[in-house]
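As structure tokens, here come the structures.
Each of the next two complexes has chain A plus one more chain, namely chain B in the first and chain C in the second.
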Partner chain A sequence: MADPVTIAWAPPAARYSLRTRAPQGLPPILASAPFADGHALGLGPDEWLLLLPDGTPPPVIDGLHALTDIGHRNLALLVEGPAAATLIQGGVALDLSLDTFPVSKATRTVHDGVEIILWRTGETAFRIEAWRSFAGHLHAALRLAAGDL
Partner chain B sequence: MSGFRLPGRGRIDTARPVAFRFDGTPLTGAAGDTLASALLANGVHLVGRSFKYHRPRGLLGAGVEEPNALMGVDRGAGRTTANVRATTIELHDDLAVETQNRWPSLGFDLGAATNLLSPLFPAGFYNKTFMWPRAAWERLYEPAIRRMAGLGKAPDTIDPDRYAATYAFVDLLVVGAGRAGIEAALAASASGERVLLIDEQAELGGKQLGEPARWPWLTDALQTLAAAGVTCLPRTTAIGLYHDGFVGAVERLTDHLPPARATGPRERLHRIRAGRIVLATGAIERPLVFADNDRPGIMLASAARTYLHRYGVAVGRRAALIASHDSGYRAAFDLAEAGVAVAAIVDIRETVDRTLLARAKALGIELLTHHVVSATHGAKRLVGIGVAAIGAKTERRIVCDTLLMAGGWTPTVHLWSHGKGALSWDAALGAFVPEGAMEQVTCVGACAGAIDPGHGVHAEALWSPRDPTTFKAFVDLQNDVTARDIRLAVREGFRSIEHIKRYTTNGMATDQGKTSNLNGLQVAAGALGTAAPQVGLTTFRPPYTPTTFGALAGIAKDALFQPTRMTVIDGWAERQGAVFENVAQWRRARYFPQGGEDMDAAVARECKAVRAAVGIFDASTLGKIEVVGPDAAEFLNRMYTNPWKMLAPGRCRYGLLLGEDGFIRDDGVAARLADDRFHVTTTTGGAARVLGMMEDYLQTEWPDLDVWLTSTTEQYAVIALQGPRARDLIAPFVEGIDLSPEALPHMAYAEGRICGVPLRLFRVSFTGELGFEVNVPAGHGLAVWETLWAEGQKHGITAYGTETMHVLRAEKGYIIVGQDTDGTLTPDDAGIGWAVGKKKPDFVGRRSLARPDMHLPDRKQLVGLLTEDADTVLEEGAQIVADPDAPIPMPMIGHVTSAYHSSTLGRSIALAVVAGGRARVGETLFVPMPGKTHRVTVTDTLFYDREGTRLDG
Partner chain C sequence: MLLIHCPYCDERRPELEFGYAGEAHIARPPKPDDMTDAEWETYLFVRTNARGRHFERWRHIHGCGRFFNAVRDTVTDRFERTYKAGVPRPGEADGWTGETGGIV
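Moving on to the complex of A and B:
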């Protein structure tokens, strides 16, 4: 039988924080959409996280904006399997049922005291971004809870 | 009937005996028993000693309301739990429990002497008696009282168990799986909604479990719920109800298993958000208040029925009933039918329902109306009672080993009250019931007052033919509060039930007065001559029943207590044998001892190495904020005291941040990367706070500015290289940057590459030496560090930690915000008034700096101190006085903020804040410390390299 849930470190990626008041070609808040060779995650009314393949140079953005390289700021965990939502729900105070947290939804939230960006990449798959120094704690907490599922 | 187990009755499985130990005595129960039912099946009624008077006590109830039978449960090292109610302990193999609050044994308890002295212990006794001397309260009286009048022993080793937690979201949460709760869940089960049904007991069913005729219905209902996908959680107690449909519930996962089979977390905390909440929490029967109503064998009538029908146990051989309410008759009748002799039914009412009379007669039970139980007899077990007609002097003795009490029912409104739901007095029930609506919460069944056990009267303590000073009529069995205590409180002037409760401690025990609150209220109302609802009801607060700290802590223990943030260089430092310290959530290398060095030796060596050659320091934890946008300089100009608009790209500036109050909040160096981009650094501990403060101003005060803030603290690993050889060390690895002093002077910034990776290079110094801060993307930090470390061997490189950093900066008089400042220092107080832009129109805190108070000459100012004895290092925090012979209270004019031994200077140095300090330079002051008062000379804050030539290497 396959594991109910797997937890793996995501490979390195390019990450940019994009801030602008004129979002063209960008998803609305709490949603994600393809962007260049990767994805844009709408984290706020004027804030997007661009997740792009490792090594991607800063994308060209038109108009007034701010683009900041945060590629090394985060580490990411890929949590996948039938019990993925149940596992993450242990530490996240948002309703992760598919009705309220559908595939492609993304948000900044907190997992057991660690600020994260939670992105549902599939019905049973999530990507969790966390600041580098918090990622170890997050990983340990998820692994501990996974053993109790 | 042999033993007290009744064959063919109950939901227990007598084919599966369960061996357990009670105070070391091996006993046997059956699968499905609680500890309480197993003890009763073994004829054990004496289960504890009371809190204050050490009176022998037996089981009162059969559920969470039990006030007497508190056990210490031992599940192995570190796994001891005190004050567990025997009625909630599921019997399992290897269960070992100890009774509490007795010495040397339950049967012979020396503490019971307090019972003989009890006339000396009225309400408020401790407050009145142990007042003086005040100091003795903490050291002598309180510990002694706690030993004598205590509950269980707190565990003294670390709990090895794990605890889990989760969040749950449902459309409907039903609390309580009795008849009403199950019906509520059934009603919603076909809707497709998410329904969660929780119940504190091991088995769902509530009081239906004690009604054999209802068992087929129960089985069907639970099957229907399961088929409909309703989540049912037994052993799950809703401990608190909060606003917006939030309920905290604790699920007990392993305590019902033999310790050897208990794996995984012990409990799980469910934080439940529900669209609707149905409270079906039932009702608890009330005892009656009469003379010596606490002997083992005296229990609630409903408990006796539960023991009979659910556990197949007869609570005695010969029972009597004292009732003010019809519901108790069922217990008497059921016991009679099960073969237990029923000696008498004593009812305080003059008339009783005819069908009850007829049934009693048919069963041959003597019924005494308008009578009371006037006395009880027996020490460790009831042997008889006295009865008397109300108003009469004569008493008659009736032999019985069990006395059932039926005083009516109290709806369990705790959770409703947690949510601040209103209550109204129901005179027919003699209890408070939920009133009106509350958010998404509704109450159903007995909890809502829908109780149909017949009629009753609700009186205070029963009339007695005896002198009330000759007996104790207990109201609160767990806290040993009697009716007389409550009357005394009223005589002494207490009127509000809240005050009476605190003075007498009625209802303040671990059971929160589940069986005592309303009786206490009735007694108080009687003494006050008012009606119960006028006296009021005390407030219920979470948790509903005692809850482990572990359940609330969840996974936050041991390594997961809280995140320990580590830099990418932390592992290297650990391999080098670094000693670490915690700075905010970060773990930082404090010093790198070699051989047998202590901290002082290591720091002295590290300091010398930095001044003589080059030191390498992990500064990655410094907060970093990238400020981007056309208004970036304008924004910083408004936030910081310094002027930013004229700062050229490629240059750095020291930035000082104040609060609105004009006091120093944070500082750091910022570099202008481009016209519209700054790289701002903050203190390690202030990083999140500064970003939050900046966002606050940006979003609420200046939303018109085109500027955005991004935390880049963790984007970059920061390697500080400090010392005369720093430039030589990095030069071979740096590409695209002219490192010459002319091209890259002090406080310059440049971008290029180092070791092939992108580099943000700051020429800055927090040591007074030639210095660089190498910022590289964090993922490359360790590799760059190791390369520089290897190359540095040619240059005498030394790794240093935060302690050395502190000494080096103190030698130069550089402040550390939060160490040398305490939230009350202005820039001028700290001697850095130069950092305040005099021509700026405004910045955060500017108006406060204009207050006259901020310019008083006797403000505390940062100065240096040199001890007369060069080897003495002052204590940080030590007070400073001008005249050590001044009378006490001696005026204290300042305190030491930083103090170190400086190996560079060969003596100690200190920084301090002193009233009017800068005008005192050259004066002698005094620093009283344990054992000696030290003479110090006031200096300025610059101890080393006054000309600043070393900054250029």
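Moving on to the complex of A and C:
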């Protein structure tokens, strides 16, 4: 039988924090959308996380904005499988059912005391971004909880 | 756990994503040099400390990151309403008189 859930480190990626009040081609808050060769995640009314292939140079943005390379600040975990939502739900106080947390929704929140960015990439697939120094704890907490599934 | 409505995310979110940031609608005096020490002390330290309806600042720090304001009853801990930073106190610029219809 296949594992109900797998937890894997995501490959290296380029990450940029984008702040602008004149968003063009960017998703609204709490949503994600394709952006260049990757994705943009709407974290706040004027804040986006750009996830792009490793080595991508800073994208050109129109208008007044701030763009910061945060590629080395984060690590990401890919949590996938039929029990992925159940596993993450153990540490997150948001309702992760599909009607309130649909595919492509993204938000900053807290998992077991660690600030994360939670992005639902599929019905049974999530990407969790965390600051590098917290990622080890996050990984251990998820693996521990997965043992109880 | 309390659920708090963030007016920017437009969702009710768990209390642990938020930080409290004191009483709302306290404007920094434009000319501190013209103030007496007593007036400056009042600006810095003296707060309403309401028993009942209180207008206060919160920050969705582990969410969208934005500051916003809330009307909370300090006796019941019930959030009557939240609203975006920079807009007038509910009841001043609109017809809001109480809880009804204000909560999402």
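As a convention for this text, the second predicted complex is superposed on the first by the 149 of 149 C-alpha atoms of A that agree within 3 Å, B and C clash if a C-alpha of one lies under 4 Å from a C-alpha of the other, contacts with A are read in each partner's own complex, and residues count from 1 in each chain.
Keep in mind that, in the parts below, a contact is a pair of C-beta atoms (placed from the backbone, for glycine too) under 8 Å apart; a residue touches a chain by one contact, two chains touch by 3 or more.
Bear in mind the structure is a predicted one, so any value in this text is a computation, not a measurement.
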Fit-or-clash call for chain B and chain C when the two complexes are aligned on chain A: fit
Chain B versus chain C as contact partner of A:Leu30, first or second or both or neither: second
Partner chain(s) touched by A:Gly136 [first = chain B, second = chain C, both, neither]: first
Chain B versus chain C as contact partner of A:Ala93, first or second or both or neither: both
Partner chain(s) touched by A:Thr107 [first = chain B, second = chain C, both, neither]: second
More chain A residues in contact - chain B or chain C: B
Which of chain B and chain C A:Ser17 touches, first, second, both or neither: first
Partner chain(s) touched by A:Ile70 [first = chain B, second = chain C, both, neither]: first
First, second, both or neither for A:Leu43, with chain B first and chain C second: second
Least Cα gap, in Å, left between chain B and chain C after the two complexes are fitted on chain A: 6
Touching both chain C and chain B, counted on chain A across the two superposed complexes: 93-94
Touching residues (chain side chain C, partner chain A) in the complex: 1, 8-9, 11, 13-14, 16-17, 62-66
Chain A partner contacts - residues on chain B that touch it in the complex: 162, 164-169, 194, 264-265, 271, 273, 554-556, 559-560, 562-568, 586, 626, 628-630, 706-708, 710-716, 777-780
Chain A residues within the chain C interface of the complex: 29-30, 43-45, 47, 93-94, 107-110, 115
Chain B-facing residues of chain A, complex: 12, 17, 19, 46, 64, 66-74, 86, 89-95, 97, 100, 112-114, 131-134, 136-138, 140-141, 144-145, 147-148
